[in-house]
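A short worksheet on the structure shown next.
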Amino acid sequence: MARADGRSPDRLRPVKITRNWLAHAEGSVLVEFGGTKVLCAASVQDSVPRWRRGSGLGWVTAEYAMLPRATNTRGDRESVRGKIGGRTHEISRLIGRSLRACVDYKALGENSVVLDCDVLQADGGTRTAAITGAYVALADAVAWMRKRRMCPGDPLVGSVAAVSVGVVGDTPLLDLCYTEDVAAEIDMNVVMTGAGEFVEVQGTAEGVPFGRPMLDTLLDLAAAGCVELTELQRQALA
Amino acid sequence: MARADGRSPDRLRPVKITRNWLAHAEGSVLVEFGGTKVLCAASVQDSVPRWRRGSGLGWVTAEYAMLPRATNTRGDRESVRGKIGGRTHEISRLIGRSLRACVDYKALGENSVVLDCDVLQADGGTRTAAITGAYVALADAVAWMRKRRMCPGDPLVGSVAAVSVGVVGDTPLLDLCYTEDVAAEIDMNVVMTGAGEFVEVQGTAEGVPFGRPMLDTLLDLAAAGCVELTELQRQALA
Amino acid sequence: MARADGRSPDRLRPVKITRNWLAHAEGSVLVEFGGTKVLCAASVQDSVPRWRRGSGLGWVTAEYAMLPRATNTRGDRESVRGKIGGRTHEISRLIGRSLRACVDYKALGENSVVLDCDVLQADGGTRTAAITGAYVALADAVAWMRKRRMCPGDPLVGSVAAVSVGVVGDTPLLDLCYTEDVAAEIDMNVVMTGAGEFVEVQGTAEGVPFGRPMLDTLLDLAAAGCVELTELQRQALA
Amino acid sequence: MARADGRSPDRLRPVKITRNWLAHAEGSVLVEFGGTKVLCAASVQDSVPRWRRGSGLGWVTAEYAMLPRATNTRGDRESVRGKIGGRTHEISRLIGRSLRACVDYKALGENSVVLDCDVLQADGGTRTAAITGAYVALADAVAWMRKRRMCPGDPLVGSVAAVSVGVVGDTPLLDLCYTEDVAAEIDMNVVMTGAGEFVEVQGTAEGVPFGRPMLDTLLDLAAAGCVELTELQRQALA
Amino acid sequence: MARADGRSPDRLRPVKITRNWLAHAEGSVLVEFGGTKVLCAASVQDSVPRWRRGSGLGWVTAEYAMLPRATNTRGDRESVRGKIGGRTHEISRLIGRSLRACVDYKALGENSVVLDCDVLQADGGTRTAAITGAYVALADAVAWMRKRRMCPGDPLVGSVAAVSVGVVGDTPLLDLCYTEDVAAEIDMNVVMTGAGEFVEVQGTAEGVPFGRPMLDTLLDLAAAGCVELTELQRQALA
Amino acid sequence: MARADGRSPDRLRPVKITRNWLAHAEGSVLVEFGGTKVLCAASVQDSVPRWRRGSGLGWVTAEYAMLPRATNTRGDRESVRGKIGGRTHEISRLIGRSLRACVDYKALGENSVVLDCDVLQADGGTRTAAITGAYVALADAVAWMRKRRMCPGDPLVGSVAAVSVGVVGDTPLLDLCYTEDVAAEIDMNVVMTGAGEFVEVQGTAEGVPFGRPMLDTLLDLAAAGCVELTELQRQALA
């Protein structure tokens, strides 16, 4: 099976990580996975949520959203509808959880970083691009804090990257674009540390359940993709 | 490490599936995984959502919720707060997706089944208990429909069960209760078909990332648990 | 006129009060009036609402809700619709007001009890069953508090029970089931203390206004019903 | 006990019913019970709610609200808070139910009348003033419809008026003003037809439960008050 | 072009300013511009919004709303719809901004005045009538505060009035009624101080853009109207 | 007074109009006025809002929003708060009104164009940048429609541009940046056609009211700015 853009099944799309895209944010990245463009802004706050006050520990959280015309047909704004949809909630939670995996709350001190991931253009893999870009924005925000001696230690204990894998027409594919995503029988998002360990594995059978061998193949594919993304993050931050 | 209730690490809690718990619903089950009690009601509707009308295909969806005092300390009602939280959204979507994995939409015809899973008492694993119980309620609702010749074929192409696994103090455990869930370094929910294939795998590192061998161990544990749950579903429906 | 279940007009349906139905709540009761099943949970909080702080007085409040498939056809969840309906509001307020009639706020101290009344199955009279059951849950919660010496005195100054009465086809009936309720020309809910005094009288002409003699007959019927319910509460708490 | 304004216990406050207060509404009344001023507007619509279409029957409904500075201290707007409170819901439902008691839906045809009752100034008894005034606005709206031959018959089968009664310091009082209402041990609202029958009886013990003799006294007091109000409505409409 | 009510193009409608229309508010005015009736209530609060606390400065704000049957056809209540519309928001902000132009925050001290402007009947120019009436209510509220020595100085540094102008069929008109407003090609609202300076100019081309000479003509017309309104405010307050 | 960036008082900031910034939208522009960056997406729909169906006329509307970290300190998302603020409403309405001034609804046919203006980075003048950029996106969307022969005629009857003017320390300034905007005594937004006529004039005294001469000076300044912006739009579209 040939992919729409001629990639081999185990290849990422061209990935571009542009730092300091915004003037105000303590860290900001425009991350592109092919046609998917996500603007990631890291905002530092010298306070923590109420339930964490006085603990000496920091916090990292995320909010994901899509501009109405990021997609092929225009979607309603969640602000206009007056509520956030289930998919938005789910992805925001996933991004926050993923980034917290590389954070030492104690070393962060009673500070927070909020990661806003706004999809400007969507072509599949928006959540994995968001996680990959948000890590770089977070790293910049942490550097900003450390320069100002806001943190008692180094809050970053590793790096985090994410990629989607899936099966289309029996072929396991890395980093699905939108048309592949829609056609996929299996859809999996994998978040890994730079050290090659798992932070999050979310696999879903869309239509046909899958056996252990296919699961293993997909995990291998994702692991290789995350190694590449980790290297790209490293280069961007160099 | 000894478990609070003395179970060995690879044992389920006592599971109880009580059918026909409600008078009005076409299928209804009170499912208990130890102290976790979920009331699953299957409601048949002879119509489908707007976006599916005229397709000849049916639909299955789910809504999950928790009574305010299902938990140790009382939680606010989502109806009073005026919005559904991210966790509720996420679990409702998971249950719906999981059950759709065993449904043939064409054989269902243009009918819907809504699965309401209300947690009356929570002690960990509410989402996996909900999926396991909802399958039985769905099976009863499908039997009800077939008796009335509402469906062009047999909409059930298999069965679905779910269980949680996790790691507490380096020990992999099956079917975590609440205190174990809170202490877990890794938390995973696995949904499988009665034929032993994966429908959904959701693993999260809570604190410490995990390697491939631990992932494999947890998947083995979950697979064995799902085999047991499938047998209990079969007995309940016999 | 014969009643659907063969009862004479002045008879209650079989009433069942099961205490300690839930593991976590300080008081909990599954109350059944025939096919109507309401789960009443009493939650103790060692604080009071903001407007009452520093007064030395306690507070008791209630929230009523119905599971979506408690009824014959599935109803939308109020959490999904994003707002609470007028009927729910009205009944929650009635339950709270009724229970406060047997509470000495000073003896309660600055503590609160929240009574969650969730209708698991509805067959008429859900609000009167809720009040009758919630009183027992409240009594258990108060006992729990007194054991822990949380209250300066005995906060319970009496008991409270409630029943519906109505007129169907000119016949005054006690404790209407759903089909009777729908057919009723007059519908009345009466809340009384164990000492036989009125806490709340709510009578509504559905279609045809009624004269004083009919009002008197209905009040007599309700008073007799409340005496019976008070006795059943007493037995349950013995 | 002397009343603040020197009235005897069984006297109404000065009642003023001003018709045609608004230019646009098909019926409109500014009703005053002493310092309580409610603007009642009846809006005719040549349609009915969806659930009633095709039935040949009409519908009457009501919405009650209070301006923010109707009261002694300013209250938040429900539109700003984004939701309607329980009290507002409850009173809107009461007004609608009360007025429907004097309406023949068949004679109304498939038309609706909406009664908006907005409290411009509050001094106790706003709901009973609203019902009493809304009846006159409804009568004007019905006359407007009949002149245009919109109705197959005469939709008004009687009249409806309402008054509050209560007990302050053991004295039963008619038509309580705000300071009396706050001090009342028992609070009752009674809606009656012009023919002297009950449409709605809502009595609540605020603090101390009450016996049957007191209930009887209050009903007598309310019945006499409603006779007076009915006469005032008749004069206003003459 | 003759105007519906025979006015010449540069004439205001009959304006009526009735002070002390409400019993509870510290200042209250029923203002009428022809058929437009707005009830303006000024509420004094001895506090300021959170963001202004400790500044020693006061605050003035406004909320505008329309009763559902103020207009020719009934509109839905914003409280029922659960959100405030854009037009309401916009006008509330305009009124607040306009009145703040004549207030010395320092002389007001840490006190607030909230101006509720509720349209009881609408016939064009509701926002300009609201501003004109609200100024008088504010002046009364300020007098009330000064009598109680709540303010360190005189918070009123001038007066404010507002009027609409527009172009219908090429004729510039002052103070448009509803039918003129609907037909207008240009619509402008002008807020001026009693000293003849501009506080707010909001002009909109409805359909056809306009040149500088027409803008000048409309500003002249508005300025003359505001002079007249200022005199009427002065007389009302005398 | 020297401006922060050394501009003379009557100079625009560097303006950049990048077309086709998005892959999916029928027209899209990233417009920059100095540090202000707004992404304008025009979405074509072959339908009109319900109230306009069957009229043969088209519709153009707009929605404005700001990303949470467009500003110096992070703002809450309106989707998370569950409602749209007054400022957002006001600006969305202004943009829609402004663009409709250059549209012939009849020539558009029963089609709609929605203009989403999302502020990625804010440094003053976001609404005027949005209008100026949205016109270009609209022109591209109209060209897209005409190529597909969706419109009965040419819907664009002119062009529209907008600029802010204001007074800081007595000096009239064109195109204020954020720090100037905050310091301004007078703040005005002017929307003009390419033919030099006014579409919208919104001037507000922030603190000190202003006389007619100052108003005239500001209008001259704005008119000159709009001539420049019109030329830049023309070049971008060439």
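Labels A, B, C, D, E and F are assigned to the chains in the order they are written; within every chain, residues are numbered from 1.
Here, a contact is a pair of C-beta atoms (placed from the backbone, for glycine too) under 8 Å apart; a residue touches a chain by one contact, two chains touch by 3 or more.
Computed from a predicted model, the values in this text were never measured in an experiment.
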Exercise. If you walk from chain to touching chain, how few steps can bring you from subunit A to subunit F?
Worked result: 1
For this session: Enumerate, in label order, the chains that touch subunit C and subunit D alike.
Result: none
Exercise. Which of these pairs, C-D, B-C or A-B, matches A-F in more than half of the residue pairs in contact?
Worked result: B-C
For this session: Would you kindly say which chain has the C-alpha centre located farthest from the C-alpha centre of subunit C?
Result: F
Exercise. Centre-to-centre on C-alpha atoms, which chain is most distant from subunit E?
Worked result: B
Exercise. When the CA atoms of subunit B are placed over those of subunit D, what is the turn angle between 0 and 180 degrees, to the nearest 5?
Worked result: 120
Problem set entry | Gap in Å, rounded to a whole number, between the CA centres of subunit E and subunit B | 59
Exercise. Using CA atom averages as chain centres, what separation in Å is found between subunit E and subunit F?
Worked result: 27
Problem set entry | Whole-Å gap between the CA centroids of subunit D and subunit E | 33
Problem set entry | Inter-chain centre distance, subunit C versus subunit E - centres from mean C-alpha coordinates, in Å | 50
For this session: Could you list the positions in subunit F whose residues touch two or more of the other chains?
Result: 82-84
Seminar exercise, completed: Within their complex, subunit E touches subunit F through residues 83-87, 89-90, 92-93, 97, 101, 158, 188, 192-193, 195-205, 207, 209-212, 215, 219, 223
Problem set entry | subunit E residues touching subunit D - in the complex, by the definition given at the top | 22-25, 28, 35, 39, 41, 43, 45, 63, 65, 67-74, 77-80, 82-84, 88, 114, 116, 118, 120-121, 123
